[in-house]
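Remarks on the structure that follows.
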Amino acid sequence: MVQIATANPITKERFLDIRSRTEEICKSLKPEDVSIQPVDFVSPPKWHLAHTTWFFETFVLLKYKSNYQVFHKDFGYYFNSYYNNVGERVIRANRGMMTRPTLDEIIAYRAYVNEHIAQFLEDKVEKDICDVIEIGLQHEQQHQELLIYDIKYIFGHQPSFPKLDFEIKLESENSTQEFIKIDEGIYDIGHNENCFCWDNELGQHKVYLHGFEISNRLVTNKEYVEFIEAGGYQDFNLWHADGWDWIQSNQINAPLYWYKVDGKWMHYTLQGFKAIEANLPVNHLSFYEAFAFSQWIDMRLPTEFEWEVASPHLEYGQLWEWTNSAYLPYPNYSKAEGAIGEYNGKFMVNTMVMRGASVASPKGHCRPTYRNFFTPETRWQFSGIRLAR
Amino acid sequence: MVQIATANPITKERFLDIRSRTEEICKSLKPEDVSIQPVDFVSPPKWHLAHTTWFFETFVLLKYKSNYQVFHKDFGYYFNSYYNNVGERVIRANRGMMTRPTLDEIIAYRAYVNEHIAQFLEDKVEKDICDVIEIGLQHEQQHQELLIYDIKYIFGHQPSFPKLDFEIKLESENSTQEFIKIDEGIYDIGHNENCFCWDNELGQHKVYLHGFEISNRLVTNKEYVEFIEAGGYQDFNLWHADGWDWIQSNQINAPLYWYKVDGKWMHYTLQGFKAIEANLPVNHLSFYEAFAFSQWIDMRLPTEFEWEVASPHLEYGQLWEWTNSAYLPYPNYSKAEGAIGEYNGKFMVNTMVMRGASVASPKGHCRPTYRNFFTPETRWQFSGIRLAR
Amino acid sequence: MVQIATANPITKERFLDIRSRTEEICKSLKPEDVSIQPVDFVSPPKWHLAHTTWFFETFVLLKYKSNYQVFHKDFGYYFNSYYNNVGERVIRANRGMMTRPTLDEIIAYRAYVNEHIAQFLEDKVEKDICDVIEIGLQHEQQHQELLIYDIKYIFGHQPSFPKLDFEIKLESENSTQEFIKIDEGIYDIGHNENCFCWDNELGQHKVYLHGFEISNRLVTNKEYVEFIEAGGYQDFNLWHADGWDWIQSNQINAPLYWYKVDGKWMHYTLQGFKAIEANLPVNHLSFYEAFAFSQWIDMRLPTEFEWEVASPHLEYGQLWEWTNSAYLPYPNYSKAEGAIGEYNGKFMVNTMVMRGASVASPKGHCRPTYRNFFTPETRWQFSGIRLAR
Amino acid sequence: MVQIATANPITKERFLDIRSRTEEICKSLKPEDVSIQPVDFVSPPKWHLAHTTWFFETFVLLKYKSNYQVFHKDFGYYFNSYYNNVGERVIRANRGMMTRPTLDEIIAYRAYVNEHIAQFLEDKVEKDICDVIEIGLQHEQQHQELLIYDIKYIFGHQPSFPKLDFEIKLESENSTQEFIKIDEGIYDIGHNENCFCWDNELGQHKVYLHGFEISNRLVTNKEYVEFIEAGGYQDFNLWHADGWDWIQSNQINAPLYWYKVDGKWMHYTLQGFKAIEANLPVNHLSFYEAFAFSQWIDMRLPTEFEWEVASPHLEYGQLWEWTNSAYLPYPNYSKAEGAIGEYNGKFMVNTMVMRGASVASPKGHCRPTYRNFFTPETRWQFSGIRLAR
C-alpha cells in the first residue's frame, strides 16, 4: 500500500466528493438495513460508513492534526477492521451484533471527521500526509464497492427483494466473439505510471509469456445457461476437487441470486427480481464455476499476466474477471511497516487474482495493473468469465 | 393450549391494553436494534412485534371476520414461527436476515390488526373465538417476556451496553433463610380453577410426595459469589456430565452478563453496567449451574410437584425457579388438534421445568400451576435458584 | 452404585465365569476389528476388554492386595473411562487412536489380573471388598452388553457385513395383543430385595398412579413397517420438535441397520444381512421414533413407574423398552463418595429411562427395578416399544 | 499423468521389487495398527496396501489380461480412492470404518495380483500397457511415502509412541550457510528428459527470472527454536491472515510432534520419543509456519521456478521444501482422459508447491522437475524450509 506521485492531487473538493458518494450509495437504506451481518464475509453497511471514517480519524487526524479531539472515545475499538497493529478490535463475525451507535450517530461521525479533514486541507499539506489521505480515499472507494456487494447480499437474501436506488447497470456483450492473438515473448508486468497504485502492483518486472489467444468479450448469460442445461454442475470431470466438494455440500447449481421459477431462470438484481437477459455478461460466479465453464467449453481462464499484457486490446470494466493465477507477491514485493502494511500482503495465500473492474467499481479503480483477489468460492462480488486458449 | 372459562373476559379495552404494553417495552429501541438476531435462540424484536400480530390475523381475522383483507399478502410467510401446520416459514436461524419490512411498517401492521380486532369486539363474540383471542393475548404476553430477554441479550452483547427505558427491577431477598416443612402425602397437582391456563397444566391429578423442606427465599448474589470463589466451576463432582462439558467448551465461570473487572464482579442490567448487589437474587443461571450450586451447598432443587404443593407458603415472582423435573406430559395430557396443538407438547423432551414467574413476566402470568420450560443450558431468561432438602 | 447383601456370593468360580464370557463375546473378532472407534459413542472392543480389567486392578488389587505390581504402569491412564476422580484420562473421542497395546497384550493383562483376583479370593474377603468386586462384575456385565452393541455398530457400518459368532437371538412376538389394566392407587417403586442393585434403584418410595393399560407384547416389525409406509417419518405432528430436527438433519427414515433393497426392507443382524421378519419385535429405535410411533397409533409410552408396577404381568427381556420418563433421582437419592459415585448420578439430565432388558443383557441383569438410560436419539442399543394408554 | 520413454524398463523383477518395499515398510505393524483413520487426511495402512493393488487389478489385469478373475468382487468398490470415473467409492472419511477385509486377506490379495502381473510380464507387453504399469509403480511409490507419513501420524498420536522398524533418517545440515546467486534471465522449466514424469511436469516452457539468492542448506532445529523463543508464534505481523487464524484456532506453537517437556523441546520420531537435535533440518512445518519463519528472518521462500533453476547447485532430498508458488498448470497443460486424468489436475487450486524430496521418498522420486503439492496447513508430510532473498 505504497503510492507514488498522483495525477489527482488531494483537494478538499475531491475529498468531499468521494466521501459523499459513500453516503449516496446508502441513501435508500433504512436504519433497519444497516446493522445486520447475514454471513461472516458481509459487513453491516453501517460498519462500512464508520470504518472508512475511522481510517481518516486514526491515520490522519490523530497523527497530524494538533489538539484533535476524537468524536467518540470507543469508536477506535468498534470500527477497526483487521489491523491487528492498531489494537484490540471487534471480531469480524461479531460486527452484526452492534446495533449501536445508530446510523444517525455514524452520519454525525462522518460529518465531524469530514469537517476536520476539510479544515486540515485548507492549509498546505505535506506529501506523505497527502499519501495517507490518498490511501484513505482509495480505501473508501474500495469499501464503496464492497458496500454495493454487501447491500445486494442483504437485499437478495430476504423474501421481499428490496431495490437499491443507486445506478449500477450492466451492458450487453453484443460483439461477435473474437480471439485476440498475443505473441510469445518477454513482457513488463506491474505498475510504473505516475498515479496511485497499491503496493501489490509495484515492482515492475519481466515475465515470459508463451503465445495465447484471449476473447474480446465476457461469457454471457445465454452461454452459461447452456452450460447449466448441459449438466455442467453434474459432471465432476469439469471441476477441481475442492470445487466439486463445494457444489456438493452447498447444493450449488446456478450462479448466486439465480432461481429457476416455473422453468425459467430469474435472478435478483439491484433493480429487483427479474428474468435473466441472454446477452448480459454472466455475473456472480465463483472461481470454481468460472473454471468449470472454461473446461466444459474446452478452453481455459487466462493468467493475470496474460490478461495484463492483452489489456490494451480488451474492453473491460463490466465485471471482475477470474484469472487462473493465485494471488502471490511480485519479485521484490515488500509490505509497508505497521498497520498500513497489513492491507494486502497477508492475503497472499488461498486467494485467486481477478483483473479488470466492475460496474460497481468507483471511477479511477479500473487500470490494467490492478490486482483484486478473492478466495475461490466467493461470488457475491461482481465476477465474470473471459476465456483464453 | 386449551383454556377454560376465564375471569378476565375478552374486551376491546383489555385487548388494546395488552397489545400496547408490547410497544411500550420497545419504545426506547432504535430501528437499528430491531432486526438483528445475534444467536439462534434470540429473535429480532421486530419479529416479536410482527409475529404476535400475525397470530391474531391468522387465527382470528382470517378465520372469523368476513371480508377481511390481509395487511400484506406475504406477512403470513414471514412471521409464522414454528407452526409447521400453517405452511412454509422463514426458518428460525434466518429471522435476522430480514431487514424489511421496516419497524414503521410493522407498527402500521399492528395498528391495522388492532383496529380490525377492536371492531370485531364491538359485536358479541362466540365463546370459542374468545378462547382463541385469549390464547393470542396470553401468547403476546409470553412474547413480551421473551422480548425483554432478547433485548437484554442484544444490548448485553455489544460494547456500549445500552439501557432499556422500561421498568424491570429485582428486589432484595432480605428475609432470613428458613425452610418450610411439607408433610408426606397425596396431593393434587395441575390446574382446576376458573381461569385461563395452558394445556400443559391441565389434567389435575394426584401425586404422592415424600416429606421435604423448601427455602423461603431465593439464593442471592452473595451466596453465588461464594460458590464461585470456592471453586464451584472447577469441581466436576458438582456437575452433571453434560453440564461439565458445557462449562468446559464454553468457558463458563460465572452467570450470563457477569464480568470480573479489576477483581470486582460487575454485570450488565437493563439499567446499565453495574456492580453486583449482594442481596439481590442471583439471576441468569442455567439449570446446570443451579444444580451444581445445590450440590455444593449439600441440598437439591425441588421437583415441580414439591414446588407446586409448597407454593402457598412461598413468596415468588422475582425469577423463574429451576426445578429438578423434566418437562413431561401430565397423565391424560392430549394436545389440541392442528396448529394450536403445536404450542407445548412437542417440547416435552430435553427440557426442564421452571416454576414461579419473573419480574419480566406480565401481570397474570404468575400462578402456582404454570409450567415454564427451557433446555438445561439456556440462561438468557430470568432464572434463579430456590433450594430444597 | 451401592449394593446390598447379595444372593450370589463372590467366589473365584463366579468371578472367572463372568470374566470369561467377555472374551467369549469377542472370540470371533480379528485384531483389525478391535481398535477402531467409528463414532464417539462407540468404544473400540479392545478398550472394553481393558477397561473392565482396569476396574479390578484399580479398585481392588491396588487398594487391597499387598505388594501388588501393576501389569503396566501406563494402563491406568489409558483405560480409565469417565472417572474424573481417578486422574487424567484418554478422552472418549480419542479411544480409537490407540492401536497399542495390542489385543494379545490386553488378553495377557486380563489373565494377569484374573490370576491375582483369583488368588485374592482364595482367602476370606471382607464384606466391603466383596461389594467392590460385585460392582466390578456388574460393571463388566454392563460392558458385555455394550460390547455387543459396539461390535454390531462396527460390523453393521462396513460393506462386508461380517457376522458375530455369539448367540443373540430375538423371538417372535406371537401373542395376540392384549392390554393389561392397572388400577389407580399408591404403589411402591424402587429396590428393596436382598440382592445387588445400582444406587439409582434405591430409595424405595411411594408413587401415586392413575389407572392405565399396558400392552402384553412389544411392537413388531410388521407394525412398524406400516407406520413407515403410512408416512410416519414425514408427518411432523407425530414428532417432538427435537425429534423432527433429528430426522431431518440425519435423513432418518427407518430404524438403524434397515435398508430398503429392491422395494423390500432388509437389515443387518449379528447373523448377517437379512430380510425383515414380520413378527419379531422392532429393534434399534430412538426414543423419538418410539414416541412418534405411539402418537401415530394414538397411544403413548408408559412411564417408568407404570412399567415397574405392571412388570409382574409382563413378559419382557427381548429389548429394552423406552418409557416416557426422564432419568431423574429418586427421593433421597444420594450418590456415593468419590469415583464410584460418578457412575450414575451425573447422567441424570437429558436422558430417558429404558426398562426391562434385552437378549444382549447378561443373566442377572433383568429385574423389575433396573433403570437403564440413554439420550433420546441413541438407537444402537437393543431398543423397542411397548404401548400404553 | 502421462509418461514418456523410461530409462527403467518394466520387468518382473523391478515390479516385484517395488511391490515388496511396500510390505517391507509395514513389516513391524500389528493388525491393530492397520485399520484406523485418526483424521480425514490419514488413510489406514491396510487401505494403502489394498488400494495400490487395486490399481494394477483395475487398470492392467481387468483391461488387458484375458480371462482374469478378480480376487474379490467387492474390492473394486472398497479400494478405489478418489477416481470418480471408476464408480461409487467408499468415501475418504469412512475408510477407517472398514476393519474387514483383514490384513492377511489384503496380503493374499497383493500376492494374487503380483502373481498375475508377474505372469503377464513373462510375455512381451505393449508400450502403452507398460506405461500404465509404470504409472502403477510410481503410484505405489507415492503411497509408500504416504504410508510412512500416515504410520508416523498414527504412532505419534497415541500415548505409547511406538517405533517403526524401517530405516528413515535425517542427516545434520552441517554446512556453513551460503547463498547461491542466480542471474536474471530466461530459463527453461519443466520436464524433457528421457524418463518417467507426471503430467504436471510436462510442457517445458520458458520463464523469466529476476536475479535472486538461495541458501545452500535447510533451516535447522536450532534456528527454528530461536524463532519460537523469540515469540514467532505470537507476532501476527509475520503471518498470513489464514495462517494466523490457523495457529489461533488450533493452538499451534511448535512443529507437529513437538512437545516441551520440563523446559526442553522433545519430539516424536519413527525411532521413538527423543530430544530435538540442533543441527537436523526442522521438519513437519506447514506452509504458514515456513512463511512466517522466512518473514521473521527477513528473507522469503523461493518460487518453484527459482528452486528448479537453482537445483543443480543444491543438495536436497532430506525434506520436501515449501515454495511460495501456488500449484497451477504449466502452459499447455492438459489432463489425460478418464480416470488417469483425475490424478493431478483437479488439485490445482488451494495448494502450494513443494520441491525436492524427502528421506521418506522412494528411490527415483527425487528429480529437479518434480512438483509435489499440499494445502498450506498440512504438516504431517516431511516438510522443511530453504530460504531465498
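Just so it is clear, A, B, C and D label the chains in written order, and each chain counts residues from 1 on its own.
One rule holds in what follows: contacts are C-beta pairs under 8 Å (C-beta built on N, C-alpha and C of every residue); 3 or more make two chains touch, one makes a residue touch a chain.
Given the structure is predicted, the values throughout are model-derived calculations rather than measurements.
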Relative to chain C, largest Cα-centroid distance belongs to chain A
In whole angstrom, how far does the Cα centroid of chain A sit from the Cα centroid of chain C? 58
Taking each chain's centre as its mean C-alpha position, how far apart are chain A and chain B in Å? 45
Centroid distance [mean C-alpha coordinates] between chain C and chain B, Å: 37
Two or more other chains touching the same residue: where does that happen in chain B? none
All pairs of touching chains, each written as two labels joined by a dash: A-B, A-D, B-C, C-D
Considering the complex alone, what residue numbers of chain D touch chain A? 82, 84-85, 186, 205-208, 210, 212, 236-237, 239-244, 287-288, 291, 300, 324-326, 328-329, 331-332, 341-342, 346-350, 352, 376
In the complex with chain A, residue positions of chain B that touch it: 30-36, 38, 46, 74, 77-78, 90, 96-103, 154, 157-160, 162
